[in-house]
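Below: one structure, written as structure tokens.
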Amino acid sequence: MDWVSEVERVTKVNEGNNKGVVKWEITVIPQSYEEVRNIIKIANERKLSIYPYSLNSHHIGPPISVNIGLNLSNLNKIIEISDEDFYVTAQVGIKVDELFNILKNKGLFLPAYYNGSLGGFLSTNLPTPFSSFYGYPKNLILMAKIITGDGIIVKSGGKTTKFSSGYKLHKLLSGMLGLLGIYLEATLKAYPYPEVIVTAEVKNINLTSKYRPVSLIYEREKEEKVIATFLGFKNAIEKMERELGIKSVNGFYTIDYSEGENVVSLHITRGREIEEVKKAYEYLSIRKTFCIIGTGYCRLMLNSFEGLEKLRSSINGYVVVEKGEYSGDYWGFRSKTLHRLKNALDPNAILCPSLYVT
Amino acid sequence: MFIYFKLNSIIIIYKLRLKIMIVMLIDRLKEVVGEEWVITGEDTELYSYPAFIPLKVNPPIVVLPGSEEEVIELVNLLNENNVKYLVRGSGTSLSGSTTPTQGEVVISLTRLNKIYSFEGYEITVGPGLANFMINKFLSTSNLFYAPDPSSYVVSSIGGNISHDSGGMHTPKYGTTFDSVVKLKVLLPDGSVDEIGGSNFFDPTSIFVGAEGTLGIILRATLRLFPRPEKSKTLMASFNSIEDAARAVINVFRCGVTPAAMEFLDKNSIIAIENTQYKANYPITEAILLIELDGYSENVEEEEVRVIKAIRESKGEIHVPKDEEEKNRWWWGRKGAFPSFAYYSPAYLTLDANVPRSTLPTILKFIYDISKKYGLPVANSFHAGDGTLHPLIGFNPKNVDETINAIRAAEEITKFAIKLGGVPSGEHGIGIEKIKFMKLYYSEDDLEIMRRIRNSFDVKGLLNRCKLIPPSKGEICNVVNKIHSYLLEGDI
Amino acid sequence: MYNLSLKLTDMCTHCGFCLETCPTYVVTRNEVHSPRGRIEAIRAGINSIGFQTCMYCRLCETACPAGVKYGQIIIPFRKSDLKKVIIEKLLENPKLFSKVLKYTNKIHHPDMERFRKFIKDYEITEPLENNDEGDIILFPGCIESILFRKTVENAFKLLSKRYKVRILNGCCGLAHISNGNYEGAKKLAEKLSREVNGKKVVTLQSNCAAFMKEYKELFGIEINSYDFAEFLIKESIEVPRINDTFTIHYPCHAYRQGLTKYIKELALRLGVKISEMEDPYFECGAGGDYWLSHPKLSDLVMKAKKEKIDKSGVKKVIVTNSVCALAIRSMGYEVFHLADLIFQSQ
């Protein structure tokens, strides 16, 4: 029997995708974790490659071609919300902005916003409009159910805010872009929803300011600006606005990670984002930039990749090519630890092969 | 009978070979680190246990390398000779992560205690540096290092990372995990890897909380937080545990994330008031110590709401009259563990982490257990994040009482897991809680953890028989009755 | 005594909070040379070298959450030797000591080489003595009286303005007990008690004052003892204002006994602008006679102390203990007793 028929026996199969940065031969749409496991088991036996996704809106890295596109968007339920213990457990197919609003209605604040699925949010680990203070998606994960490259479903972490009871697989997989394993569901930490969240353009405010911005974003296109987000109680925020002489709007900074054709990110010392990005302007032709101060992450939308290698050798950190056709190494770093983890978690290397060579 | 003798003699010959190998090894170790930094003889017993008291195992050798290069040479030497080893910081692991149960050579990293650099919001330090030294270094800066376990005056950064230590400020500032940016690690095969510093493909997470089973941390880059403009302390006293527990939830519900929220039960209060930690606490069923921080105007708003939430939960508010009283209150809390010596100098410290809402249920259970085993118990609780620290007193010279204390701890931990909690919130699994891994995880979960560990520690030399219950094929040396009770048997 | 020590070790929970306050641990990072390690050695019945490397500063006791009485525990395990016995005997008799020093100072011997590194020949004098019956006793301290005679004269001058002062030269017994000679220390305490006969004793060594305050707990003997600064504050003795900047070193035992607040208060009343050093109570590195018996470790501790003093940014240090003064002076600073500052402007 050919492999497509074997897969058809265990799950729903659709036509593949031969357009765009990621191509796959068939699309599978599992309805349960069991189905995911069966698909992966077949892939291991038959040496097939898999690319997991929900919306396929934010591929990061070089173009890749695989056998199976694993569409997790049907696994999109919310499993539990606790407004006493402040966490939410949901499956990876759910959209993060939906989750944010559902939690908001229950008085819970998830310091995250992402125009994609929970699975994408976790596996890309891109900083959010609140990351200056609240950290990356990785920092929000309390517990997860994941499936390894050879089809074993494991639990890692706990519902509690502290966990020292084993390896943090639930955190490890975040930012791995599906290379080591696939998230099936995750429990995220939530906070009480603040009375107000406001955003304004500011001057002379940095993260150590007494007003405690939870986000400080340096933006540069034609001109430079710094946009801060504050949250707290209305009276306090209003007093702050008067003292600073600013006029803020409700809400937070919108990050559109699908913007731009040639996109690189800088990964540098936290607190030195603005200094390092100025260096980038010396080497690269940049259309637009934003840096999330305090995270060490800057996103640069380029006109071309020329000068990238020169920047790589002069910067104190990494330059990653997230989007676009680049002839060189997209990532610019290797890790022996990652190599061992790949062997342990995806021994037959069926997940996203050639995305990142360990 | 014959087979028994043969087996016995094989074991004797094996142990003899091991002894000879170790003697030959000592000279080579001295060449690497210098003679004065190799401890053989009686003094090795001083490294036989960290802060986990019930189990002491004398290591054959202790080595104190003075540089990263020496550590690498040591590991290569031990690898070549197939000698088991483990790495230790300040020796304050409450779960016994650094107790050399398998006859390991102990490598103490206390001499790797430099501060290498401070740039932006990051500071890079050696693993042997005591936690408090970072904020001492930053005393004139507007940044601070947030994770502050009560042992911060002595616990090492390497140890903090390996256990993912918490502290009182986790509700707002997270655990050690949230403050680790980069690591320089020495893998068991002797190769060095520099990891972290990017949101993509960053394997740093696997080392945090790995309890020294995957590799050695040579250097760590840590994230610093901005100091808040204002910090305010409130104390709330309650006539019942249920009221205090309800207050904990109500504080969060009123939209406040406290910087710290600590709970002390009556037994804890009595102990503190009778030792040098005396803080003039009201002797009530429970008190909550709450810290709010941030922009001063916002802190005032938070205070108003917190006071309301406390009063709605039938609590009485106490405001410190001056800075000294405020410091006294927090110092008393930091003394909750050591002041337990009032009941018993030796005690087990549990750290089952439970959902905050289950606090009254588990506390009642703990008091019942205390009666059942006739052992003194006091509870302090990181109410801000659900970490419960029941302290169980026992007499370590009495083996039966020791095992009873361990049994009592087991019942409590089991119950915590049943309530949706985890076996350890911050002290780690070590040897103390290794049995609970079988209760909390499935066999598949444990298999994957073993796979990961084995892909790093291929030769099986690095801190084995800890953290992950041994698999069926794995041989673990059992040293005595207490070790046997901790490691084997059902749960 | 061993049994008492063993019993006292029961209170130790092996928490390690003492480690980073212990000077020998701070410079070696080795558990063997830490209070926790020494107590464990006692419990395990090990004859550890750590027993002798302890500087007996007892700063560990200030950090111990369980209140373990380390100072009492370690005494029976401290070894003495001929050199230490000789030094003890000499300390008891400062006049004899000064004569012996003048003589031996000419000898070429490693100990004397080291001694000369800290003390110049001209500084060795006979102790100041008087025959007055006195209402109060001035107890300069064993080496204060023969190496810092000017300070003794200053203190005597000041106190004589208000009181009839009798100078009593001798030894408080701290050196003895540090060497494990409990009986020797007790005899000295008894002798002192007889000689002072209930009168107030003012000492120029903050560590002696601290030790005398422990006589009751250790030997059941009570002496009405005061550290110099403590006496001036409690008796409201006025002092001139000198208006200069200094940093202050707080001798280890004085810190433990809470006497440091008087030192600081007197300095402030003198109009001193205090530029704090890092960890002002950290062991100076002298450790009684430790600087002679353990030169390498002593030097390491002094190096660490110097780094801390440097952070004050000043070169003038207030030191109210003679061996501390010798150590800190050898690091390149100018040392002053509070008694010296009173007459500085004159």
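Letters are used for the chains, namely A, B and C, taken in the order the chains are written, and counting of residues starts over at 1 for each.
Keep in mind that, in the parts below, a residue touches a chain if its C-beta (ideal position, glycine included) is under 8 Å from a C-beta of that chain, and two chains touch if they have at least 3 such contacts.
Keep in mind it's a predicted model, so treat the numbers as computed, not measured.
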{"item": "Chain-level touch network, classified as line, ring, star, complete or other", "value": "line"}
{"item": "Identifier of the chain whose CA centre is least distant from the whole-structure CA centre", "value": "B"}
{"item": "Farthest chain (mean CA position) relative to chain C", "value": "A"}
{"item": "Chain A and chain B, separation of their C-alpha mean positions in angstrom", "value": "30"}
{"item": "Whole-Å separation of chain centres (CA-atom averages), chain B against chain C", "value": "38"}
{"item": "Inter-chain centre distance, chain A versus chain C - centres from mean C-alpha coordinates, in Å", "value": "62"}
{"item": "Residue numbers of chain B (touch at least two other chains)", "value": "none"}
{"item": "Residues on chain B engaged by chain C in the complex (per definition of touch)", "value": "37, 39, 42-43, 45-47, 49-51, 53, 62, 64, 90-92, 108, 110-111, 113, 128, 130, 132-133, 151, 153-155, 275-277, 335, 337-339, 341, 345-347"}
{"item": "In the complex with chain A, residue positions of chain B that touch it", "value": "119-122, 142-143, 163-166, 170-171, 174-175, 177-178, 181, 185, 187, 191, 193, 195, 197-203, 205-210, 215, 223, 226-229, 249, 252-257, 294-298, 300-302, 305, 351, 353-357, 382, 385-387, 420-429, 433, 436-437, 440-442, 444-445, 447-449, 451-452, 454-456, 467-468"}
{"item": "Chain A to chain B touching residues, read off their complex", "value": "60, 82-86, 107, 124-127, 135-136, 138-139, 148, 152-156, 158-169, 171-172, 174-177, 179, 191-195, 207-212, 232-233, 235-237, 239-240, 267-272, 294, 296-297, 317-318, 320, 331, 333, 335-338, 340-341, 343-345, 356"}
{"item": "In the complex with chain B, residue positions of chain C that touch it", "value": "10-17, 19-20, 29-32, 37, 40-41, 44, 46-50, 63, 65-67"}
